[in-house]
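Remarks on the structure that follows.
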Amino acid sequence: MKPETLATLRRVSTATLTTQMFKRGFRNVFMQGVRALGSYGDNMVGPATTVRNIPAREDIDVMASLGNPEHPQRKAVETIKPGHVLVMDCRGDARAASGGDILMTRLMRREAAGVVTDGGIRDAGPIAKMPLPVFCAGPSAPLNIIQHHAVEIDAPIACGGVAVYPGDILVGDADGVVVLPAHLADDVAADAAAQEELEAFLLARIDAGAPLPGTYPPNQATLAAFEEWKARQG
Amino acid sequence: MKPETLATLRRVSTATLTTQMFKRGFRNVFMQGVRALGSYGDNMVGPATTVRNIPAREDIDVMASLGNPEHPQRKAVETIKPGHVLVMDCRGDARAASGGDILMTRLMRREAAGVVTDGGIRDAGPIAKMPLPVFCAGPSAPLNIIQHHAVEIDAPIACGGVAVYPGDILVGDADGVVVLPAHLADDVAADAAAQEELEAFLLARIDAGAPLPGTYPPNQATLAAFEEWKARQG
Amino acid sequence: MKPETLATLRRVSTATLTTQMFKRGFRNVFMQGVRALGSYGDNMVGPATTVRNIPAREDIDVMASLGNPEHPQRKAVETIKPGHVLVMDCRGDARAASGGDILMTRLMRREAAGVVTDGGIRDAGPIAKMPLPVFCAGPSAPLNIIQHHAVEIDAPIACGGVAVYPGDILVGDADGVVVLPAHLADDVAADAAAQEELEAFLLARIDAGAPLPGTYPPNQATLAAFEEWKARQG
Amino acid sequence: MKPETLATLRRVSTATLTTQMFKRGFRNVFMQGVRALGSYGDNMVGPATTVRNIPAREDIDVMASLGNPEHPQRKAVETIKPGHVLVMDCRGDARAASGGDILMTRLMRREAAGVVTDGGIRDAGPIAKMPLPVFCAGPSAPLNIIQHHAVEIDAPIACGGVAVYPGDILVGDADGVVVLPAHLADDVAADAAAQEELEAFLLARIDAGAPLPGTYPPNQATLAAFEEWKARQG
Amino acid sequence: MKPETLATLRRVSTATLTTQMFKRGFRNVFMQGVRALGSYGDNMVGPATTVRNIPAREDIDVMASLGNPEHPQRKAVETIKPGHVLVMDCRGDARAASGGDILMTRLMRREAAGVVTDGGIRDAGPIAKMPLPVFCAGPSAPLNIIQHHAVEIDAPIACGGVAVYPGDILVGDADGVVVLPAHLADDVAADAAAQEELEAFLLARIDAGAPLPGTYPPNQATLAAFEEWKARQG
Amino acid sequence: MKPETLATLRRVSTATLTTQMFKRGFRNVFMQGVRALGSYGDNMVGPATTVRNIPAREDIDVMASLGNPEHPQRKAVETIKPGHVLVMDCRGDARAASGGDILMTRLMRREAAGVVTDGGIRDAGPIAKMPLPVFCAGPSAPLNIIQHHAVEIDAPIACGGVAVYPGDILVGDADGVVVLPAHLADDVAADAAAQEELEAFLLARIDAGAPLPGTYPPNQATLAAFEEWKARQG
């Protein structure tokens, strides 16, 4: 990912990114049922570190299992690289939590870029006020091992109905979370920035009373005006 | 719709309106799964302009299709009458958006009274801050043509599990959206206003410590006190 | 319930309580699909007074039925003991409301500790601003008798997929609602308080940069440091 | 219930019965998600004996609880009157069974008219071959106490989204199960028989090539032909 | 549609057709939640005649409305062309029926090729035994006007989550129903026949013990053997 | 697994097995939403060979990918050991197939004991007639790569909401599929056989008119009679 891609992805919308991905033939890049827990400023952006969960089993998923330093969820939290997003596959099951305030605090201290899960989050009240962007299927108090058994780190997973490969770039805003294959991120980000520059111009025209036809999508005259405006901005 | 009906419907609750409709034999007037995206002051009120969508098809629903000025969704936005509510049938499918900030801005400029969809809304962050009341099944970034193909304008549609005929009066508040058949709107509004005047009186009594029996629903004595109170208000 | 249990349960989280219940072999104590309607300070805590609903029937559930002082829902509101939580079994059906602003106001005046329903709540806008904690499946305008027929008071019920026996202690926070069997409340509360005291200590360490291994869960050294810290607090 | 009502209800369809109930203002009389487990001859018909279940709790719903002769489900099986239908409210949750081959065999020996549950049935293979009509939400192996706690006998319940009052007449065929309030059964059955006699005549005409207009629904000429035909049958 | 296309589509599987459509870029051509009610021999094949339903409204959808010869559903049945498939959009709502035995009999007499609905079917027992292929979301006794209001004939509709345009070719087998855009039917059918001829050859080899690699999908040697085999067949 | 365990598990019911597992503290061992496609004689029994799928991605999951001999699903079919059950995690998504007649035929030739998937199966008509037991979420024509990307073989997976570890013993009958941890299979099978011997005795008594109390569950007298009966059988 080019250095400027990170900055770009922090400000373009997930809406724009889905349009860019659609233009490239990708229809299923937006997680379903996954929302921001709090209100964040810039977008959450970062490469995915993944954790895969399967249903819990009563004899394996006991309190003591969480003390094992090799427990994949705990190890993922402890080893995540700065700037990465921890993405957890909980099979869309929010009957239990994917984590709570202590794990989220540790992720902040490790400079994770954010957390994404299609399971629940406990301690949702305090976590919603943290600066760490957290996206989930909703608040849910029960501890993870009631429903979830963490199996492995950095395998390809499903989250919110979308495939997430380790290293994919995740972007989250108030609409939700988009998954970008790593090799497309630079290109998609550049085109998204260009699209948003044009749309900002179009929105200003619409806001000033211009009709949709000719403006959105823009005809040649509007595009020419946009180019002129861009040139004037210098 | 009588002129005073609009004013009345802006302040009575959708809860009261469902009660009035129930008294007239209507049980299914409240949209399920459709909520306000932002916090609005007065209720959204206006006659329905409808757009019907069916599932998208890969060869028809392409980027270029949105540039056609006859595209029903775009045409509906461009031709909606001031004071009308744009209602979109998305079959309850929020996997994609029904529109974003540019269309919502154009609707504001055209003085639409609001937007209702049982699909998603993209750019939900900025749109939630606009004064235009928007009711939807939730934020959703993917562009509409991934899931939705707009077929026609001003046909009877389904939205949130309720039949919406063009011209029906839609009313939205923090509970959600109620659909009133146009020919009943004046009568329902008048009775709703009367019901709310009475209930304000009853609520004040309950708030002052009166018990439910005799007060809610009111007995003859309470009704007499209400009439006396009304007379005193002049 | 010991006097101090009430105070404890007002401040420990539902997350902690599910952990304590899990340690005692209870896996299904957290209501699914039930959320706080507003933002409240301390937790909602109190013994359950239950109301059971079945589907409405057109000939029985008519406006007049609500005027009967023996109507179980109305009677439950009118007879609830101070400090109790009114819990309504609506079969998870939020297509209609469990109550509105007048009933909630009466419950406040009767000093109920809160309201829990797996159905809807109407007048959700004003109710969300009341001090009475209300937990529900979401706003829903239609009056209760469109979908719900109240059958009995203080029978064991289902709510949010959890068994609620009259007198069970309900605790609600931003995550949702936990059900504690009455005979376990004192013990669970005491252990929850101890767990949270330890976790506050651990969270401070994590916040200061400590790694998960050895800290969460704590090893002997961390536990010793905790004991020392507790001793210092006196 | 008149003696001939039972015979009539054994042969009219649940489709016809929903029409008759609709004509009387009842819209919600057909259980959703409840199907016949086997193929039966005549309809299942009989008054409801009800059992209500709530979610299981780990400390109460243990193997030993099933040995208590007062266990409501077991007691209902043991005390059901000949000709009655055992109806179980399982909250639409088919993750566990409502019963298996031994209970079904006991119900046959007690001459129950049938079994209806919106939960699962275990031993579905052998039970589907028994003459006892069983309607359920599907096969499900886990024993009932994993999900269900039987609370009471002959209380009003919900089953398949419909209110069932003890003594209501249940009728089941290949479409599913209809609930008739006891006081309406005679009247509904008589009208259903008349409707089916007419429809048999109309179906014969349609089968012979008659067009819908004038035949279905019948116009005066068709009705006259029907009356003549009936007269000829003597 | 070429004459031979009809014959071909009667014997190739819907599985093969989805593969051919996928090769052409179509991913959403198979109706979800729609199954054959009975066991039929050859596939159901025919162009779609569509009926669109919206939710019923209590004052409009009354018994008398079904007697109107312009009622869209009744008119569609009465005017459908021989060989066509009647496709009904019921918004996936099987709480009520799309039709019963009299309408199905009339459709047989009019030589309809079949019926497809994402709503229910009443009189499912007798209809399952008719030769007319019927695909639906399941048996459901309640009459259509409890939930469905027929709006129009031969508009583009949604059925089972797939867009159906009037004249699209519908093909149904034991897997379910596939929708083919009319202009692609000839081409898809020809390629499907070729695919199935090859797969019959491959299946015979697999059945005789050949391994997947080299056989399925076939390598050059296998393809050569297939061509030789075809040549030998003459 | 002891040699006799296989024979035992072929004849005891999944209902009995869930009871035995419940007695050992396991509540979640029965797959939800997974049913037998055909009618089979003895139970399906065998150790699990697992395949894990995540959502498909348009650029990766193309027709050509199926030709890769390392494709995990194809490789699993080609390398499965005789007597094993192929279990596929499709995230409960039956919008596409997990396989069709050619793969099922190859599995038969490789002497697989059966197939289990929580996705769909295409060519369901012919496959239901094969002797190979197939359990799935239902017929579904679309090819797997429209929704599913096979990631790995013999990792722990989720299927039907249950954890499946490679080597776990799967047992399937008309109720559905139960998962037994490998180390418990012998013990569970032995106890299940004993339970069924007793229940056969009890069922005969119930069938002969014995009441539930004292018989089911059995009291000391009934157990003594059972022991005597067993002794007589020699």
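By written order: A, B, C, D, E and F. Residues from 1 in each chain.
In this text, contacts are C-beta pairs under 8 Å (C-beta built on N, C-alpha and C of every residue); 3 or more make two chains touch, one makes a residue touch a chain.
These figures come from a predicted structure and were not determined experimentally.
*Asks:* Could you let me know which interface, E-F or A-F, is made of more C-beta pairs in contact?
*Replies:* Per the contact counts, E-F leads.
*Asks:* Which chain's C-alpha centroid is most distant from that of chain C?
*Replies:* E
*Asks:* How would you label the chain A and chain B contact, same or different, if same means the shared numbers make up over half of all numbers there?
*Replies:* Counting shared over all numbers used gives less than one half: different.
*Asks:* Among B-E, A-B or C-D, which chain pair copies the contacts of B-C, with over half of them the same by residue number?
*Replies:* Equivalent contacts to B-C are found in A-B.
*Asks:* When the centre of a chain is set as the mean of its C-alpha atoms, what distance in Å lies between chain B and chain D?
*Replies:* Spacing between the chain centres: roughly 39 Å.
*Asks:* Can you compute the centre-to-centre distance for chain C and chain E, using the mean CA position of each chain? Integer Å is fine.
*Replies:* Each chain reduced to its C-alpha mean, chain C and chain E end up 49 Å apart.
*Asks:* Mind checking the centre-to-centre distance between chain D and chain E? Centres are C-alpha means, answer in whole Å.
*Replies:* So the centroids are 31 Å from each other.
*Asks:* Among all residues of chain E, which ones touch two or more of the remaining chains?
*Replies:* 27
*Asks:* Report the topology of the inter-chain touch graph, choosing from line, ring, star, complete and other.
*Replies:* It is other, because the touches fit no line, ring, star or complete pattern.
*Asks:* With touch defined as at the top, which chains are paired up in contact here?
*Replies:* A-B, A-C, A-F, B-C, B-E, C-D, D-E, D-F, E-F
*Asks:* Give the list of chain D residues in touch with chain C in this complex.
*Replies:* 25-28, 54-59, 91, 149, 151-152, 155-158, 161-164, 181
*Asks:* Can you name the residues of chain F that touch chain D in the complex?
*Replies:* 13-15, 17-19, 22-23, 27, 29-30, 32, 35, 173-176, 178, 199, 202-203, 206-207, 209, 211-213, 216-217
*Asks:* If you look only at chain F, which of its residues touch chain E in the complex?
*Replies:* Counting only chain F, the residues touching chain E are 63, 66-67, 69, 74, 77-78, 95, 97, 100-103, 105-106, 109, 122-125, 128, 138-143, 145-146.
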